[in-house]
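These are the structures, in structure tokens.
After this come two complexes, each holding chain A, first together with chain B and then together with chain C.
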Partner chain A sequence: MRVAVAGYSNTKFSLDETPIENLLVSATKQLFHNTKNLEQKDIDAVLVSTNNVKRYLAPVLSELAGIAPKISHSVENMCNSGTNAIVSGFSYIASGMADVVLITGAEQAENPGQILDWDSSRGEFQHPIFWGTIFTKSHKRKFGTTDEELAYVSALNHKNAQDNPYAYNPKQYTIQEISESKRITEDLRLLDCSRSCTGSSAILLASENVAKKYTDSPVWIEGIGQKTTSAGFTKNDLTSIESTIQAANQAYSMARIRPNNIDVVEIHDAFSVCELMILEDLGIVPKGKAAKLVPELYNTNNKKINPRGGLMGAGHPLGATGVAQIAEITSQLQGLSQKRQVENAKIGLVQNMSAAATSSTVLVLKN
Partner chain B sequence: MNFESELKQGRFVVGKCTKCHNTNWPPSEYCSKCFGELSYSPVKEPGIVIEWSSKDGQTFGIVEFEGIRVMGAIQGTPKQGQKAKITNCTFDGSPKFTFSVF
Partner chain C sequence: MRVAVAGYSNTKFSLDETPIENLLVSATKQLFHNTKNLEQKDIDAVLVSTNNVKRYLAPVLSELAGIAPKISHSVENMCNSGTNAIVSGFSYIASGMADVVLITGAEQAENPGQILDWDSSRGEFQHPIFWGTIFTKSHKRKFGTTDEELAYVSALNHKNAQDNPYAYNPKQYTIQEISESKRITEDLRLLDCSRSCTGSSAILLASENVAKKYTDSPVWIEGIGQKTTSAGFTKNDLTSIESTIQAANQAYSMARIRPNNIDVVEIHDAFSVCELMILEDLGIVPKGKAAKLVPELYNTNNKKINPRGGLMGAGHPLGATGVAQIAEITSQLQGLSQKRQVENAKIGLVQNMSAAATSSTVLVLKN
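Entry: the complex of A and B
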């Protein structure tokens, strides 16, 4: 059974202290508004992606949205909760347990999903900036990556975010402004970091039997890969992301594509260095070469990578991020991304990861 | 023997499996390879510096002991592959290690 993305919605990302229930309902309401012929009774499953500590949020959202689904539950997996929820929804449809699945991701800026305090290997250095700076130092050491090359990653994402009306921070920065932004660690400046923010996004998945009821241009999930290498940070290689390498290989194999077939990409740029590592580990550029690609994209206004501005430009509402990435690729493959549109995009990819890149999801979508 | 209570006493101990002899990490009740019982003993020093950075003048990084990698504060100017010893360790909400390089 093929599974389509048949609808999507976004809300404005911000630093507001909006209650989680309101965030969930806002994105869901917008999805109903955006999607033709969708009625509450059509929805077989409601999945909520969040790190919020409130309980029973999928049934809560269902009731607030007038839905009485067969299946409803939350999915929490830190930063890649969203794509995990989508893989769960895909599986319900592919198995025949559901025809229509609503997935709503939401997060508040202050949330417990940012730090894995279980991880003893991090010692007292629990905050993500510490693994971010270690990855950065290692990439610099192994590949000679410069601060200026890293600054281009931030510049590119912030430039792209200017055309994203939902972005948390659609401000453009010069290379100099990024290079002179507040020093966080020896290897990270403030503008090398994504920021946890408030926001929500929703996706409607539908089986091929019913997808055309809701959209004239369904976008098909053709490849899925997932890998968890560990939960703790220090066990893994510091210059490549094994979970992404393995997830990408699974997704490419399932979709029967190669990296050079991909037209548009959403990747998990938690820190500048992550974007370089991911582009390399997805096989979009050879290992150690991403730092040369990014300035080229920036200087030619090429929006192929993170057209909505990535986590750095759009913001990172953890539970909503993977959902918003899928929404963007769907919009791109439908040709509806307006100023962000990548011309003639037919194949798109989403890469979403968690907890110092210890787990990754890679999805391939086609129109 | 408990990882946290030993660390509070200034001893960094790791579990070795009594069945398959695996050095087990992260701290757990059972071996992650064979679910055998663990016997805890102090890690063997010295460790080796894997990577580091600094924040506000404080150097910190990853040091490997018997294949186990942990992050801690580093005294001195580290080099990759350099030997390191534990100068202080405790548990206060999270493990806290201080290493010195030589």
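Entry: the complex of A and C
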């Protein structure tokens, strides 16, 4: 049974202190508004993707949205909770357990659950800064990557975010502004980091039996790959992301495509260096060559990579991020991304990862 | 693709303050110990069922147990997290996304996430006592159920728990002791309530392609039903559990059985009255007749209902409960339940619910 993305919604990402329930309801209501013929009774499963510590949020969302699904629960795996919920929703449909699955992801900027306690005893900095720094230092050492090349990653994402009405801070920065932003570690400046923020997104998955009821342009999930290598990242090579390499190979094989078939990509740019590593590990450019590609995309106004601005430009509401990535690729493959549109996009890819890249999801979508 | 339970484990339920990671690892190690030919590399997905607020527990468990799965995440839906994770694992296998799925459920007695904050503004008592009382009062009013009949539910569960080596408190109580236990509300006494406790359980799901590698007696998941009616229970009839009725009908239909085919049952006896309501709503006895059945089971030493002692007798480690229920039914259908064994058990049922019975899972297993 093929599975389509048959609807989606975003809310404006922000630094507001909106209650998690309201965030979930906002994206869900917007999805109903965006999706023709969708009725509450159609929905077989409601999955909530979040790191919020509140319990029973999927039934609470269902109640508030007037839905009485069969299946409802929360899915959590830190930063890739969203794509984990989507793969779970896919399997409910592909196995015949459901026809229509709603996945709503939401996070609050100040949710305390964003640091991996288990791995927090490793030095001066809280976990994400710590591994972002080590990855950066390793990439510089091995490939001679410069601060200016890293600054272009941030510049490109912030530039793209200008055309994303949902970005929390759609401000453009010069290379100089990025290079002179607040120094956090020897190798990381403030504008090299994505920003945890508040936000929610929702998508509707539907079986091929019913997808056409909800959209004239279903977008099909054709390739899925997932890999958890370890919860402790220092076991990995520090200049590549093994979990993404393995997830990508699975997804390419399932979708029967090669990296050069991909028209538009959402990647998990937690830090500048991550975007370079991921572009390389997905096989979109050879290893060590991504640093040359990014300035070229920036200077030619090419929106193929992170058209909505990535996590750096759009913001990173953890549980919503993977959902928002799928929403963007769906919109791109439907040709509905307006100023962000990549021309003639037919095949899209989402890469979403967690906790120092120790687990990754890669999804291939086609229109 | 048929899906089997191909392995399981339990740990001793207790009131200890064991860290959640240790609980997860204990049950997982025990499952490896119990399951022939199982190697870490066989496992495609690791799902953790818990209400614990720690993040990324599925990759942390994987790391600690030497597993590098494709899929890993936590599933939360309060008291039926365990069966939600199991249905999710079922769908990964049934859809062809996985061959072998490990599901480990764990909870700490003092985990603060056990009260549904969203619904806590309803009176003097915290949520579970509140709805347990209202259900009890309603059942008494409608069916003339007596305190003595309710006490038999507790007596039966505690009696059965005596033969469960994993029960947190395998103590037997007389009807008089139960009837004279501490009064909590007008209609509930202490021994009418299940007890949140610490514990963990694990199960291994396997596709029919590989199940025989791990067990000579695979037990098949043949029927699945789930329903979320509402997150606010007062919208429901207060003498029956609509979510269980609907879930049971789905499961019976999928498994092509009737209630009178069932040989052994695990039901979610959060409070004494729940066991009566559930026996009725599953169709095992006609509505209003369960109160007469329970003393008969007690007096004839019949272990058909909650052979391991239910939540009242064995204890209720929230995220582990649904997993432990499946482990028990599997053991029963394999004829390995020793003193608890129901003779010649061929068809078993698990009923697991959350939050004032606003969502339910019903599973039918066959050997």
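What we mean here is this: the second predicted complex is superposed on the first by the 359 of 367 C-alpha atoms of A that agree within 3 Å, B and C clash if a C-alpha of one lies under 4 Å from a C-alpha of the other, contacts with A are read in each partner's own complex, and residues count from 1 in each chain.
Here is the rule we go by: a residue touches a chain if its C-beta (ideal position, glycine included) is under 8 Å from a C-beta of that chain, and two chains touch if they have at least 3 such contacts.
The shown structure was predicted, so the numbers you read here are calculated from the model rather than taken from an experiment.
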* Asked: Who does A:Phe130 touch here: chain B (first), chain C (second), both, or neither?
  -> first
* Is A:Thr185 touching the first partner chain B, the second partner chain C, both, or neither of them? -> first
* Asked: So, does A:Ser62 touch the first partner chain B, the second partner chain C, both, or neither?
  -> second
* Structure fact -> The answer to whether chain B or chain C touches more of chain A is C
* Does the superposition put A:Gln162 against chain B (first), chain C (second), both, or neither? -> neither
* Considering only touches as defined above, state whether A:Ser354 meets chain B (first), chain C (second), both or neither. => second
* To do: Mind working out whether A:Ser95 is in touch with chain B, chain C, both or neither, as first, second, both or neither?
  => second
* Based on the superposed arrangement, let me know which partner A:Lys54 touches: chain B (first), chain C (second), both, or neither? => second
* Structure fact -> Residue overlap on chain A between the chain B interface and the chain C interface 117, 231-232
* To do: Using the touch definition up top, name the residues of chain B that touch chain A in the complex.
  => 3, 25-27, 50-55, 60-62, 68-73, 80, 94-97
* Residue numbers on chain C that touch chain A, as the complex places them -> 21, 46, 51, 53-56, 58-60, 62-64, 68-78, 81, 84, 87-88, 90-92, 94-97, 113-114, 116-118, 224-232, 247, 250, 354-355, 358-359
* Asked: Across the complex, what residues on chain A touch chain B?
  -> 117, 119-126, 129-130, 133-134, 136-138, 141, 184-187, 231-235, 238
